[in-house]
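Each of the next two complexes has subunit A plus one other chain: subunit B in the first, subunit C in the second.
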Partner chain A sequence: MPAQAILAQFEAAAEGPLSWATEWKRTHGTRLLGTFPMHFPGEMAHAAGCLPLILQEQQDPITVGHGMIYPFYCGYTRSIVDQACKGEFEALDAIMFGDHCVQVLGAADVVRAKLPNTWVHFYQLISSMSDPWSLSRARETFAQLKAGIEEMTGQPLADDAIRSSIRLFNRNRDLLRQLYELRREGRIQFSARQMQLAVKSSMVMDKALHNELLKQLLAQLLSARPSTGSGVRVYLSGHFCQAPKTGILDLIEDCGGIVVDDDLYHGTRFISTDVDEVGDPLTALAQWYLARNLKVPCPTRVDQKADWETYLLGAMERAKAEGMIVLMAKFCEPHMYYYPEIKEAFERRGVPHLLIETEHELNMLEGLRTRVESFLEVVKRRAGAPTRRVA
Partner chain B sequence: MASRNGRFVMGIDFGSTTSKTVILDLQGRVVATAIAHKGSVSNEGAQVSMREALAQAGIGEADIARAVSTGYGRRMLDIADKSYTEITCHARGAAHLMPQARMVIDIGGQDSKVIAIDGNGLVSQFAMNDRCAAGTGKFLEALARAVQVPLEEMGPLAITARDKLSISNMCATFAETEVISLLAEGKAKHEVLGAVHAAIASRTLGLVARVGQRQPIVMTGGVAQNIAAVRHIEQALGTALLIPDNPQAAGALGAALFALDEVSAPKTADEEDRLDSAAEVSHCGTPACAAKEAGAGTQVLHGPLRR
Partner chain C sequence: MSTVASAPVKANRLKTSSLNNQLVNDYWAEVFEAKQNGKLVCWYEGVAINPLMQAADVAWVHGEAWSALLAARNNEEPAQTAAEHRGYLKELCSYARTHIGCGVLAQKRGAEASGSSFADALGAGLLGERVPAPDMFISAYPYCSTGQQWDEMLYRLFGKRIPIFNISVPWVWGNKKDSQYLGGSEFNEAVQFMVRQLRECMNFIAEHTGRKYDFDRLCEIMSYVKQAGRLRMEAMDLCMAKPAPASFFDWTTSLAPVNFIKGGPAIVDYFTKVKAEVQERLAAGEGAVRNEQYRLFWDGIMNWNKIGWLANKFAGYEANMVAGRYTHMGFWHEWESIDVQDPLAGMAINYLVCPINLSAPLMIEEIIKLCRKYEIDGMVLHAARTCRAFSNPQYLIAEAVQKRLGIPVAFIEGDMVDESFYKDEIVSSRVEAMLEAIESRRRAGIAA
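Coming up: the complex of A and B.
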């Protein structure tokens, strides 16, 4: 299949996740299990014969949802509530909520109230990651989650089935990581928008299908001529639950930046860590949960062995990035609390970075363009400026 | 695109409400400055300011060796060989006019910016209002209408205020409502206008805090011509501001200086842009991409800053 056709499939799933999943359910008879983002192990839902679907922020204006949730909540939670109020989650057989921030908790309450006939399971993962009991507590939560899925499907969930799904999901993460590695090395041309579509569609599509498409895409990209473009190498950081608007990604690259790496949830954060394929699957998933926070630290988790700013400085160095653009969803409290530490560390090290606050209603890109262009101008000049004294 | 054989360079600041053009000779002397106000991001305004500047200098377009554009409409001008953001150009222009400057406050029609500059006159940090025009020229225009005082009379009137009235510094719409409320309470116009200018100063103080105050500070942009705005910002920051002779044209001057750099030392200019000089324009393979030549698997690089 040509790369463009593969990307079209990715785009259809990424931009219309509910339509895509509903059609999959219609044609395959699969149950749909909607989840909140960040820490849900889709492997278990897949092993139970469900299509795990990470619920996505939609770009439509938020209307009736504002009757149920505060306007100062983040765009993701407001959009989820709005979709629930509009009846857009009707096709879901079950929803599983995590509790990684207070706004998500609020959204979960509204969704539960609005979907009384949908099976809902709430899980609470330990957020303290380096205590002696962290692993056992995380395993306990996943055991409850497994029991919840078994209750929903009415079928026991075999360890071998979970291991089989783990292998499939590991393969998916590996293929996506290959895309990142090849882009980082400049061996393929792949824009930030395209990367987002590849990762975001993985949150929606059946994994076996997604893996097949990714394999074909990689082959196509490797056979095309390698990247000859140049620009300021940019690292993107931030945006947890929701995908950054693709218009912002386009704008950054249109201004002369080349996105070479990221720690976005709709990016590296989602694919950073594999799950052990051999041992007890619940322990393996609990280990995965703890380990991925060391791979790409998350400000909603507390871990004495990881700090986000040190990770970011190292990640930028590894990616040979010259500047970092922080995309902070308004009003993402975990990010807002943590950002001052990143700012201080980057300023102390003299590494250029630009903070962009994003929001659901953000459509004015020209003002943003001025800031991004100015930032890239500063980065370029720092990298290659001649010494010119003021006249 | 301008001829490379001319004896002059041009900087055009195609702003949100006014267009400014500065022409320099190859020795860096200002030979013309023109400002035109023709509505929001008006191409007509840009053309008028360029024509006026050329007429002032007594030259034609063919005499321009290099032109650099800046401002909101910077990518809309065919004459420009290159464009830079207004942040970069105001910093350059202000540093040229006031070499001792280490910070620039630029309040224009739609944007307000605070720019820290290094010893080379280059931007080291900046902060800019993101999506709201509060504390900008538009804010003043909207409130001038509410108070029914001509824009140019606002500053002199506001400077006579003695009461410490307060209005919102966050939103022009809220502020207008508050202004109407104060007028309905019988407050004098000059007192209300004093509060309007204090609100601009508060907003500016917030931007300065984001960058970290440095001194000396130069103020540029149209609002620098407003005596009350300058006075209130000085009080808020606790320091005097340096105001160049023609603060509104500082961005266009900066653009003209960049154009002059490229005529007098093209290698230096290339070096500044070395990172994007080899950029190849290709198009996105994403189906939704509007690029005409979209090809599978190619990266979006619609063009670097270099025009």
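Coming up: the complex of A and C.
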């Protein structure tokens, strides 16, 4: 299949996740299990024969949801509440979530209230990652989740089935990481928008199908000769539960930036870590949960062993990025907390960064263009000058 | 409906509440002297884990109490500005911003980064000069990720050198059919998990004090806490009377002794006196507001800059804020669950059912019980701009009380310690609309 056709499939799933999943359910007869981002393993739901679907922020304006959530919440939670109020989750057989940010907890309560006929369960993952009991507690939570899934399907969930889903999901992460690696090395040409579509569609689509499409895509991209375009190498950071609007990604590249890497949830964060394929799958998942926070530290966790700012500086170096653009979803508390740490670390090292606060409603692109252009100018000039390091 | 009288109306606040000031001052005085007295200092926020520290002779600084104190003394601004300069945005929890801002100011002094003093935290304020920096952090924040991260940020701000202990408090959600308030297998499991962590926390404290943890002392402290908890609930129960002799605003000013003041005879004495005053008022038929016409419920966290202002404002409407989620559903309100021979499970239970940690269905049932008990006519929901933990279930609560009890509600905007979010004209118009709705229900003969 030509690359364009594959990308069109990705786009259909990424931009219309509920319709894509509903159609899949109709044609394949699988149950749909919706989850919240950002730490919930889809492997178990898949092993139980369900299609796991990470619920996404939708672009439409918040309307009915206004009656259930205040405007001073991040776009993701408001959109989820809005979708629940509009009845858009009706096709889902279950919603199971386990994340901890206070705003999603609010959304979870509304979702349960609005979907009285859906199986809405909550499994709270321990968010303090470096305690002596963090691993055992995470395993206990996954065991409860397994029991909940078994209760929902009425079928026992065999370890072998979970291991086989783990293998499939690992393969998917691996293929997506290959895309990243090739882009970083400049061996393929792949825009930030395309990368988002590839990752976001993986949160929706059946994994076997997604893997197949990814394999074909990689082959096509490798056979095409990348153009030798030049630009400022940009690293994108931030945006957790919600994908940044693709218009922003396009704008950055239009202004002369080349996005070479990111730590976005709809990006590297989602695919950073694999799950052990042998042994007790629940332990493997608990280990995965803790390990990925050391790979790409998450500001919604507390972890005395991880430093997001140190990670970012290292990741920029590895990607040979010249400047970082921080995309912060307005009202996102974990991000507001950590941003000053990043700002200070980057200023100390003399690494330029630009903070962009994004909003669900506003079409802020025009005002943004000038800011991005002047930031890229600054980065370009700095790159030409000897690196200034602040002690 | 009565409107605000032209002469300012004053709420008839409990006189005994002023004794609370003494307790608060004594507490801070002891905190200020802690280092000179060779004590270690622990910083923490959220639920009342202070008995754990007290039993080990460790002094404690409660973050919210500190931020509220600064707000009460009109001194929050320098800290909030310092936080803003470091890049903390205004939409972040104002308690945390204020407290972290103090940390930022302390760090600016360089030498103090190691945590020996807290000077400059209030500009030249004497108060700030004397608050000791931490020797340890204990984080035990229920429900709110922002609370847990607040501790983490302080830990990072102080150079990751000061030991931190995290207690993870599970949210009381209820997947299982047997889930109920204070019961069911999930709740019992959560209590056990909490008890395990509290025990580990005692080991952590013992390790850092270098002394064996004194469990008997903890039991003794908790016996005072239990008595204070009982007396407070009994005094609040007396407000079922009409007119209610005390208000939600009196109960908010009485929180310190069940929140961060030392567990001992003084807190028992305090609530004995408070209860006696409430009883006296009851006997005399004296209410917390003159000519009580409306009985209201306050949902949400307190607006500390505005306590007196709001108490008087509602008194002006002849409206008595009789009860609230904040005051009546937390602060050792489940005192009966505390076994003074072995208090850890009872402590865990109280932490787990604090006013934000119940999922909406369980929380709503408790609120409805309170509304019925206190014969509430209307509900004010304080949408605290930077406290999503309290704001989260408010639309569900409003929907439930309107449907099930038929009472009108008023949403008002404000904040804990950031005054800029409070808009008095909007508050007035929303409250007046609610009172008008109560009146029309009465005219239609619906309400009692």
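Here is the rule we go by: the second predicted complex is superposed on the first by the 382 of 391 C-alpha atoms of A that agree within 3 Å, B and C clash if a C-alpha of one lies under 4 Å from a C-alpha of the other, contacts with A are read in each partner's own complex, and residues count from 1 in each chain.
Basically, a contact is a pair of C-beta atoms (placed from the backbone, for glycine too) under 8 Å apart; a residue touches a chain by one contact, two chains touch by 3 or more.
Just so it is clear, the structure is predicted and the values come from calculations on it, not from any experiment.
Colleague: Overlay done on subunit A, so just call it for subunit B and subunit C: clash or fit.
Modeller: fit
Colleague: Name the contact category of A:S164: first (subunit B only), second (subunit C only), both, or neither.
Modeller: Neither subunit B nor subunit C is touched by A:S164.
Colleague: Based on the superposed arrangement, let me know which partner A:S128 touches: subunit B (first), subunit C (second), both, or neither?
Modeller: Second partner only, subunit C.
Colleague: Given the touch rule stated above, what does A:D254 touch, subunit B (first), subunit C (second), both, or neither?
Modeller: First partner only, subunit B.
Colleague: Answer with first, second, both or neither: which of subunit B and subunit C does A:Q216 touch in the superposed model?
Modeller: A:Q216 sits against neither subunit B nor subunit C.
Colleague: Is A:Q304 contacted by the first partner subunit B, the second partner subunit C, both or neither?
Modeller: Second partner only, subunit C.
Colleague: Which value, in Å, gives the least CA distance between subunit B and subunit C in the superposed three-chain arrangement?
Modeller: 7
Colleague: Which residues of subunit B touch subunit A once you look at their complex with the stated criterion?
Modeller: Per the touch definition, subunit B meets subunit A at residues 28, 72, 84-88, 95-96, 99, 110-111, 119-126, 128-131, 261, 268, 271-280, 282, 284-289, 294-305.
Colleague: How about subunit A: which of its residues touch subunit B in the complex?
Modeller: Its residues touching subunit B are 2-4, 7-8, 11, 15, 188-191, 193-194, 197, 217, 220-221, 224, 227-232, 250, 253-256, 258, 322, 357, 362, 364, 366-368, 370-371, 373-374, 376-378, 380-381, 383-391.
Colleague: Across the complex, what residues on subunit A touch subunit C?
Modeller: On the subunit A side, the touching residues are 67-70, 72-73, 100-103, 105-106, 108-110, 112-113, 121-124, 126-128, 131-133, 137, 144, 148, 299-300, 302, 304, 330-331, 333-334, 336-337, 339-341, 343-344.
Colleague: Quick check on the complex: what are the subunit C residues that touch subunit A?
Modeller: So the residues of subunit C touching subunit A come out as 86-89, 91-93, 96, 139, 143-146, 148-153, 155-156, 160, 164, 166, 168, 170-171, 173, 175, 193, 196-197, 200, 359-361, 383, 385, 388-389, 391-396.
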